[in-house]
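Before anything else, here is the set of structures, which you'll find just below.
Next come two complexes, and both contain chain A; in the first it sits with chain B, in the second with chain C.
Showing the complex of A and B:
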C-alpha cells in the first residue's frame, strides 16, 4: 500500500437544514432559533405530535420523485466541480435512511413509482445519475455514525495514494418509516429535546439534513485528524452503563488534540443516560473544554449529523462564534456544558463526536491548516 | 497494489433452501435461545463471521446491498403500530451486530457497506485499507419476498466471512489483491461470493480502473 503521512484537509464543506445552508443555519442557531415543530408522527396517517424539523414546505409524506431532491441539487451546486466518481476522485455516500420513505409509501399505497428511490443501492444509483457522477460511488451506512465512516474512508483512500481528493455526501430526510420507528422506541415523544439537561424524561427531535465535504491531500483551510471509532456491541439501542465506548472512542481524538485548547461539539440528542455518559467522557478526555450540542435546534439529522454539524462547526470557526447548546433551560448535566455563544478565537481546535445505535461511537479533531 | 493474505474463509450458500430450513441448520452455532430474535441473514453472516472469532482489535468490513430485507418487510408490514424490535433489527448492519451483541464483543472498527454493481470492490478496498493487523471481510444477502418483486431485494441467500492479514502464514488459504488497471468491468457481491464459495482463481476487472486477483493454495 502506498501509504502517506500527509495530513488530510477539508477543501470544501457545506450543508442544508430546515434553517438553510451552513451560514444560515449557523446564524439561526446563534439567534437561538429551532427548526423543530410538532407534527403528526406518521404524516397524513396521523398519530402523536412529535418534534420534527422538515425542509421548508416539505411534507413527511413521500412523493415521487422525492420532494427532498431539489435540496440535494442545491447542495450539489455548492460542491466544487470535478469528475466525481472517477477512479481518482471517488465519492462516498453515507446516511441511515436513503430513500426509505419510498418503501413506506410503496407499502402503504402499492404504487410502484415509489420503489426506485427506496433502497440504498437504487437510491444512490438514481442520485449518481442525477448528479452526473462516475461509477466509483461507495455507500456506507451505520446508523448515526455513517457520515464519520465516509470521512474515514475518504481519508484512507487519499492517504493510500489512490486519490488526491474525495467527496463525502450524506443525506437523511425524514419519513414515517423513521419517525414511526423512533416513536415506537419512545424516545421520540411529545417533548422537545434538551441535550445535556437533567429532566425527568428524555426526548429527541428529528430533522432533515444533508451535508458534504471534499477531502484533499493538498488544499483546504482545515485539517481533519484523530479520526476514531468504537463499537460497544452491547445492545441494539443502548450503551454500556459504564460509558466505556464513549471513552474508548475519544482516545484517538484526544491524542490528536494534545497541546491544543479545544471545544467539544457533542452528539447530544436529548436522551438522558447517553448524554450523561458523553459529557463524562468528554470532560475526562478534554479537561476544560466547553461542550456544545445543537440537536435542540436542528433535530437529530441521523446518519448525516456528523457532516451537517461539521459544516456548522466550520462556519462557527470562520465567524469566530459557535452556538451554545440548544434546548431547555433546566440544570445542565455538567459545568462543562456551554449554553452561551463561544468565542472560537480562544481555541485552536474542535472535537466533533457522534454516537449511534449499537453503541457505535465516532470522533475526530478539526483544526486550522 | 493492495494485497492481503486470506487466513481463513467460511462461506454458506443457502441456494434454494427455505428460510426455516436454514435457521434449523444453523441454530446449533449459537447459544440456546439466542436465535429467536435473529434474522436469517444474521444467522448466516453470524455463522460465518463467528467462526473467525472476531475480537476488539479486528476491523470488520461488512458488505450487503439490501441487508435485512425480511426484517424490513416485516417492519413495514407492522405499520400503523410499528414494531420497535423490527425497527432495531432492520437497520443495515444488524446481521453483524446480532452476532457481536450476542457475544458482548466490542470491536473498534466496523465499516458496513451497501452498494450495487461495485459493492465487492468497495468492500474489498475498505478491507485492504484498514490499519488493523487482522481485518474480517464479511457479507451476504437474504432473498426478499414482496420487496424482491419491486427489484429492491436480493434473489439469493448467502453469506461469507474471511480473515485477512498483512503477513503470510503457513496455513493461509490464498491471497487477494487489488491493483490499478485501465480496463473496465464490475463484479457484484453475489459473483464475488461465488468466487469465494468455489475457491475460483480470478484475475479480472472488479471495477472501472481496478483489477482483482484472487489466488488459492
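Showing the complex of A and C:
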C-alpha cells in the first residue's frame, strides 16, 4: 500500500460536470437532479441506449479539436494564476482515457487530424500548450483512481521539498470507444445506476468530468491526510471476492480519522458485487459513518472522479450540506447508506474513496485545516 | 438424445478463446465455465458474449444475465434455445 502520513493543504479545487461547476453541481445534486440521459452507446453509429452524462450540447462523437476542450479552458480559468509547469510548481495530469476517442475517430474516419489527441503524451502536450503551462508536466494514469494517484504524487513531491505547490488536473470525457468498452462488459446497459441498492441487475452510468486541485504545504483551508492507494493486482476487471482490497485501502484514512466523526463519500458506481464489498469495508472501518455516493447523478467520470467528487465534497462542507446517495429507491445494501441531505456541521471530516478496474483502491480524509 | 447445440457450443468456446490442449469433448456439460476447470476469466467471458451475440442473434442485457448464461455449457445451451434466433440454431 502506498500512503502518505502527513497532511497537505488544498489551496484551490474545482470541477466541471454536465451539471456545471462545483457549486452548480453541488446544488443540482442537492435538488436530486441527474446529468444522465439515455443516449446511443456508439454515438452516431447507434447501438443500445444507455445512461450517459454529456456536457451541454456535446455530441459523443469525436471532433478535432475535441468538443470538450472549451470545458477545460473554462476550468483552467478558475485555477489560481501561476507559473504552472515551472520548477517548484509542477503539474500532474491524470485521467483514464485522455483523448482515446481520437484514436477511435482516426480508426473509423482515417482522418489524421484526430491522431494527436488520441494518446496521453501528445494529448497532454496539446493541453500544455493550450493552457500555457511550462515543461514540468507529468502524466499519471491508473484507471479510475488516476486522480487519487495524482494527488498522492503531488503530495510526495511537495513533502520531499521538490515543489512549493503542485497542480493536479484530471479529465475524462466520453467517447464511443469508452462507452462501447463498458457496454461490451454489460455493466453499462439500459438501466440507470442505483449505487448501493440491492437489485437483480447492476448498471452504471458514465459522465463527462474534469477537476483540479492545487496542493500546498502551507496555504489552503482544507487538509488532506491518510492518503492511501492499494492494488490487489488480482484481475483486469474484477476484485478479489473477499473484499480485502477495499478494507486494506481504508486503513490509512481510518488511522487519520481516529477521534473524528466522519461521513463517507463512496465510489458507488452501481455494480452489485463491488458495491457490497465497498459498503462492507466502509462500515467496518468507519462505524456509524453515513455513506453517500453521487454517481447516480453524475455518472462515473472515470479517472477524474476522485477530483470531481473532491470538489463537490469541499463545496458540501463549505455550505454545510452534502447531497445524499443518488439513484433508485429500493432496499439499500446497508443501513449506513444515506439518501437524505447530510448536515456536514455534525461531522469533522469526510473520507473520500474511489475504486478502479484491476482491484485498485484509493482513499483519503478531508478536514478543515 | 443430446442437444446438437451442445457440441457446437463447445467447439465455439475452444475456437473463440483459442484454448490450447483442450478438445471440445473435454469440456463438461455441467461445470462452471468461468472460474471452473477451464480457468476462464471475465475477459474470456466478454469475448464469449460478443461471439455468442453475433453467432446466435441474441442480446445479453447485463453482466448478471451473462453470468447466468455462462454458468455451464448446459445453462448456456438452454439460454440460447430460449433467446437465440431459431433460424441459427441446429435442430
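In the analysis below, the second predicted complex is superposed on the first by the 362 of 369 C-alpha atoms of A that agree within 3 Å, B and C clash if a C-alpha of one lies under 4 Å from a C-alpha of the other, contacts with A are read in each partner's own complex, and residues count from 1 in each chain.
Operating definition for what follows: contacts are C-beta pairs under 8 Å (C-beta built on N, C-alpha and C of every residue); 3 or more make two chains touch, one makes a residue touch a chain.
Just so it is clear, the structure is predicted and the values come from calculations on it, not from any experiment.
Undergrad: Where does A:87 make contact in the superposed view: on chain B (first), on chain C (second), on both, or on neither?
TA: It touches chain B, and chain C stays clear.
Undergrad: Looking at A:185, would you say it contacts chain B, chain C, both, or neither? Reply first, second, both or neither.
TA: After superposing on A, A:185 lies in contact with both chain B and chain C.
Undergrad: Spot which of chain B and chain C makes contact with more residues of chain A, would you?
TA: B
Undergrad: When the two structures are overlaid on chain A, which partner does A:200 contact: first (chain B), second (chain C), both, or neither?
TA: The answer is second: A:200 touches chain C but not chain B.
Undergrad: On the A-aligned overlay, A:160 touches which partner chain: chain B = first, chain C = second, or both, or neither?
TA: The first partner, chain B, only.
Undergrad: Output check: A:112 vs chain B and chain C. Expected answer is one of first, second, both, neither. What do you get?
TA: The first partner, chain B, only.
Undergrad: Should A:360 be classified as contacting the first partner (chain B), the second (chain C), both, or neither?
TA: After superposing on A, A:360 lies in contact with chain B but is clear of chain C.
Undergrad: With both complexes overlaid on chain A, does A:124 touch chain B (first), chain C (second), both or neither?
TA: After superposing on A, A:124 lies in contact with chain B but is clear of chain C.
Undergrad: Does the superposition put A:237 against chain B (first), chain C (second), both, or neither?
TA: both
Undergrad: Considering only touches as defined above, state whether A:59 meets chain B (first), chain C (second), both or neither.
TA: neither
Undergrad: If you lay the two complexes on top of each other, which residues of chain A touch chain B in one and chain C in the other?
TA: Of chain A, residues 184-186, 235-237 contact chain B in one complex and chain C in the other.
Undergrad: Please output the residues of chain B touching chain A within their complex, sorted ascending.
TA: Touch residues, chain B against chain A: 2, 65-66, 72, 75-77, 79-84, 87-89, 91-94, 97, 100-101, 103-119, 122, 125-126, 128-130, 147, 150-153, 180, 186, 207-210.
Undergrad: Where on chain C is chain A touching in the complex?
TA: 41-43, 46, 49-50, 59-66
Undergrad: With touch defined as at the start, can you tell me which chain A residues reach chain B in the complex?
TA: Residues in contact with chain B: 1, 42, 45, 47, 87, 96, 103-104, 106-108, 112, 115, 118-122, 124-125, 134-143, 149, 152-153, 156-157, 160, 162, 176-177, 180-186, 228-237, 244-245, 248, 357-360.
Undergrad: Report the residues of chain A in contact with chain C in the complex, numbered from low to high.
TA: Checking each residue of chain A against chain C gives 48, 184-187, 189-191, 200-203, 235-238, 271-272.
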